[in-house]
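The data blocks that follow each hold one structure.
Note that chain A is present in both complexes that follow, paired respectively with chain B and with chain C.
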Partner chain A sequence: MSQDEAPVALDIEQLSVVFDTPDGPLSAVNDFALEIRRGECVGVVGESGAGKSQSFLAVMGLLAANARVSGQARLGTEPLIGRSIAELNQFRGVKLSMIFQDPMTSLTPHMTVGEQIAESIIHHLKISADAARARALALLEQVQVTDAPRRLDQYPHELSGGMRQRVMIAIALACDPEVLIADEPTTALDVTIQAQILALLAKLKRERGMAMALITHDLGVVAGIADRVAVMYAGRVVELGTVHEVLKAPKHPYTAALLASMPRIDDTGTGPLPAIGGQPPNPRRLPPGCAFGPRCERVDETCRAARPALAGHDRRVACHHPLERP
Partner chain B sequence: MTDQAMAAALPQGAARGFWADAWRRLRRNKAAMVAASLILLIALLAFIGPSFSPHSFDAIDWDNMAVPPGGPNDHWLGTDRLGRDLFVRTLAGVQISLQIGLLATLVSLCIGVAFGATAGYLGGKIDNIMMRFVDILYSLPYIFIVIILSTLFERGNIYVLFLAIGAVGWLTMARIVRGQTLSLKRKEFIEAALASGVGTPGILARHIVPNVVGPVIIYATLTIPQMILFESFLSFLGLGVQEPQASLGSLINEGAQEMESAVWMLLVPAGFLVTLLTCFNFLGDGLRDALDPRDR
Partner chain C sequence: MTDPLLELRDLRVWFPIGDGLFRAKRNLRAVDGIDLRVAPGEALGIVGESGCGKSTLARAILRLVRTSGGQVVWLGKPIEGWSTSRVRPLRRDMQIVFQDPLASLDPRMTVGEIVAEPLRVHARDLSRAERRERVIDILARVGLPADVVNRYPHEFSGGQCQRIGIARAMVLRPKLLVCDEPVSALDVSIQAQIVNLLQDLKRDFGMTILFVSHNLAVVRRLCDRVLVLYLGKPMELASTDLLYSQPRHPYTQGLLAAVPVPDPDLQPQRLGGALGGELPSPMAPPSGCVFRTRCAHAVAACAAAAPRLQSVETGHEVACDRWREISASGAVA
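Up next, the complex of A and B:
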């Protein structure tokens, strides 16, 4: 594939995040590793609490004060973990941008849309307010905000959810980032707007050759725009591969179960939707073996005793008994 | 809806923002609007009224000592024991009291907002040290601080008074702003601003402080009468404005001594003080209703 030749934009290795809580340490992310190449979109999926967001918040240096981070994350050749806020601010918003889940609360309420987009431009590119405003207008047009010149002087509460998410995207793109992290960018939006925002992100990624990490719990979203997909469970990547491979022929029982629990439009059956039994494991008391073991149909003694490593080269899976191709 | 009609009538959406909205709500509050107009009227009267009277605030009229209002002379509100015109003296007192109220509030506003927002946003040890400092200042009886300051400097120096009152008044403001900042700093829009690489000064100046403006304005409006009252109290004790200068407090002090024989000497300055305080409180209440985001 052509992406294999593209340089790695964001390289995360052995990233672990532990929160010090009053009830003892809570490990949210364990040995997370992922490479994202330029022009590539990697979907990161998993259920709530799987550590998807925390991994990337760690990369951005935005974790809560009680978090301890270890491991490596490199933006091109620049290490990101352990840098001071001032050092991180040379990258954040410039080369490394993030879009958040809830467009309703992620915009400062008393600043106009134009001011918020221009803030980052003026801060990083050191250009005049007028030039920044012109650039903000161009960005709003790029993210397909209707009536852009008027929107510049409106406040966030005057915009709909979809419009606000477009503004968030415009802010993230303001300084031409190399890497864009989108943390559930469409979760708070209704389905028609979701499709528009996803199409927009895909188009922007293609045009700008950005590397993109798309964090979501929605496999449909991943199928729509991602090139590769990483499935996370209990703070670890359990399966990694191209979207086609992973969604068509999942090897990890968890991925297979996730896929099975999605309703299909061509499904004529009237039976209940398959669900994954049990609960995600308590991150304070992870089982010694495979974390998915207690909920897995294929579990045996090996699974209970030893945690499977993420094996393979491009197509990777962490399972003692991976599913065969159907 | 009137909202949409307004938006359509305006060339830009900006005018329909937070302030326009708050202003519309405030205008609907009759009590607050009456109070605001009265304050303006009294302030105007205090600064231009004395020039209409033939008397000056410290001139003694030997022929008209302690005359009641409405007498056959040009002392519209009577004179005090020394024959000084009470109309002019009271308005001079209102001038001083308003200046002290506004300036002391401004001082407490600047220190309090900067201190509170910094402590709240930085958090942790710094927050702890800064707020314990506030606690210590709180526990000192401020009347002693003022007494010490007024003995160190020239007695009755009005700027020392501003400084002393302002320096005491910022403590509560700092606590209010810190509390607001604590609840703001975990909001998503702060995280989003951090993610776009805005530094700490930028976050504080553009994302935190403008968001606490509502509660700050409300508290400031309610602080002005407190400051006026505090100044009156100091002047009443003889620590504030010195003769022949007058403030509402010192006039009330003088009037109280003549209460039984010449009650107007008390009623005139007390009337102005009560009217001002009531108006500021009504205006503060109105602003609270207009700016409180929970009512929006």
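Up next, the complex of A and C:
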């Protein structure tokens, strides 16, 4: 794949996030490592509490005040972890942008759409208000907002959820970022609007050659636009590979079980779904060996004794008994 | 069809919306003319985008919102206009499971109290011991151990809270269980557990399920029949097999095509065929066919008259005057 030669846009190494809580430290992310190259979309998949959002909030410097971060993340050659807010603000919203799940609460209710897009353009690119407004209009058109000139002077509450998410994307794109982090960008939207937004993100990635991290719980969402997929469980990456490798021939029993448990629109079956038993583990009481062990069909003494390392180079899996290709 | 458990006749729920102090109120037609017969033991899915009226329809059936016209007929008796006290005994047979598993449980009540509450209202002749037995029975049936009765909702995960909500609804052995997006707030691995549980309960208790959901894949797995709504109006009503294998309404086709599948060989192409546009304002729905503004097959005639549900074949109705031409042209989304 041509992306192998593309330069690494975001390089995350050994990233860990621990929250200090009244009940003691809570480890949310452990040894997270991921490279995202220019023009590449990596899907980061997992259930609530798997650590997927916290990993990227750490990269953005947006974690809660009680978080401690270790490890490193580099935007090109620029280190991001441990930088001051002022230093981070040279990158955030410029080379490194993020869009969030809820487009209503992420927009400022008392500012017009045009002002919110222009704000970061004026701040970072130091251009006149008129030029910024023209650029905001062009961005709205790029993200396929209908009736864009009128929308510039509207407030967020006047827009539908899908339109608001398009505005969020326009804001994120305002300064031509190299890296876009999309955290569940379509989870709050209807499926029809979700398909439109995903098609838009795929087009923008292709045209702009951005690196993109797409955080989602939905394997169907990554199947449409991701090049590679990282599957997270209990704060760790448990499987990594190309979207074909991970979804068509999963090696980690968790990935395989997750795929099997999802009802599919093209599945005519009517019997019980092969559900994963049990619950995701409590991060305060992780089992000693493999965190997925208690819910895994292949578990044995080895799994209970030692946590499997994320082995392999490009195709990686953290399992003592990975599934083999049939 | 055997005698229906529930029948809706031209059911309407219109919400009057004030439009400024001196202007006349207008009506938001959340549910606008639904005819439906639901057989005992049937699982009927009600699907559509946000704002299509699916939750309002479910709540109107339970009389949790006031209807504006038409009739709800329960076991042959029209219950429109019945007083609250006259409806209350019927509630015993109609229960609901809500979307947000934690918010729908009272945080100050123990799980035992929560699940016993319907018994205290509707089965007042039971002794404490009998009540407790019924509660523990139903908890076991939804997969929760007896010792949860003394614990509080916040001690449980979302999936477990949803099991508690299902136990509360099932403790009276209702004839009708309305599920309003019961798995939408749950993680994928937990969704499957709850879908399986509902399937088991339906089989074992033979109850009727109205399953309101935007998740079309879950509906396919669980339901016998599906009603597709758009702006409060029925678009298509068919057995699950027919609806998913031969959708006739362009809206159903677009909706099905939008659901992502976790297959990188299929999904990128599916994205390209996404239904365009957005739901029009329900305050100003399009004339004629309400879907026409997003329909690739719309012609001038579609703006003139609203199509009524018409039969495609036994067990399959579609509200589109052009479905034959659309099917013949082979245009399937």
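One rule holds for everything that comes next: the second predicted complex is superposed on the first by the 325 of 326 C-alpha atoms of A that agree within 3 Å, B and C clash if a C-alpha of one lies under 4 Å from a C-alpha of the other, contacts with A are read in each partner's own complex, and residues count from 1 in each chain.
Everything that follows uses one rule, which is that a residue touches a chain if its C-beta (ideal position, glycine included) is under 8 Å from a C-beta of that chain, and two chains touch if they have at least 3 such contacts.
The model shown is predicted, which means the values in this text are computed figures rather than measured ones.
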Discussion item. I'd like to know which partner A:A172 touches here: chain B for first, chain C for second, both or neither.
Written reply: first
Fill in: chain C versus chain B, contacts on chain A by residue
C
Discussion item. With both complexes superposed on chain A, which partner does A:E119 reach: first (chain B), second (chain C), both or neither?
Written reply: first
Discussion item. For A:K248 in the superposed arrangement: first (chain B), second (chain C), both or neither?
Written reply: second
Worksheet item: Touching A:C290 in the superposition: chain B (first), chain C (second), both, neither?
Response: neither
Discussion item. Just checking: does A:C41 make contact with chain B only, chain C only, both, or neither of them? Give me first, second, both or neither.
Written reply: neither
Discussion item. I'd like to know which partner A:C303 touches here: chain B for first, chain C for second, both or neither.
Written reply: neither
Practice prompt. Across the two complexes, find the residues of chain A that touch chain B and also touch chain C.
Written response: none
Worksheet item: Which residues of chain A touch chain C in their complex?
Response: 47-48, 160-163, 190-196, 198-199, 202, 217-226, 243-244, 247-248, 257-259, 261-270, 272-277, 279-280
Worksheet entry | List of chain B residues in touch with chain A within their complex | 7, 12-14, 16-18, 123-124, 187-189, 191-200, 202, 206-207, 210-211, 213
Worksheet item: Taking the complex as given, what residues does chain C use to touch chain A?
Response: 49-50, 157, 159-160, 187-193, 195-196, 199-200, 214-218, 220-221, 241, 244-245, 254-268, 270-272, 274-276, 278-279
Practice prompt. Mind listing the chain A positions that touch chain B in their complex?
Written response: 60, 62, 65, 85-86, 88-94, 97-98, 100, 102, 105-112, 119-120, 123-124, 150-151, 153-155, 158, 168, 171-172, 174
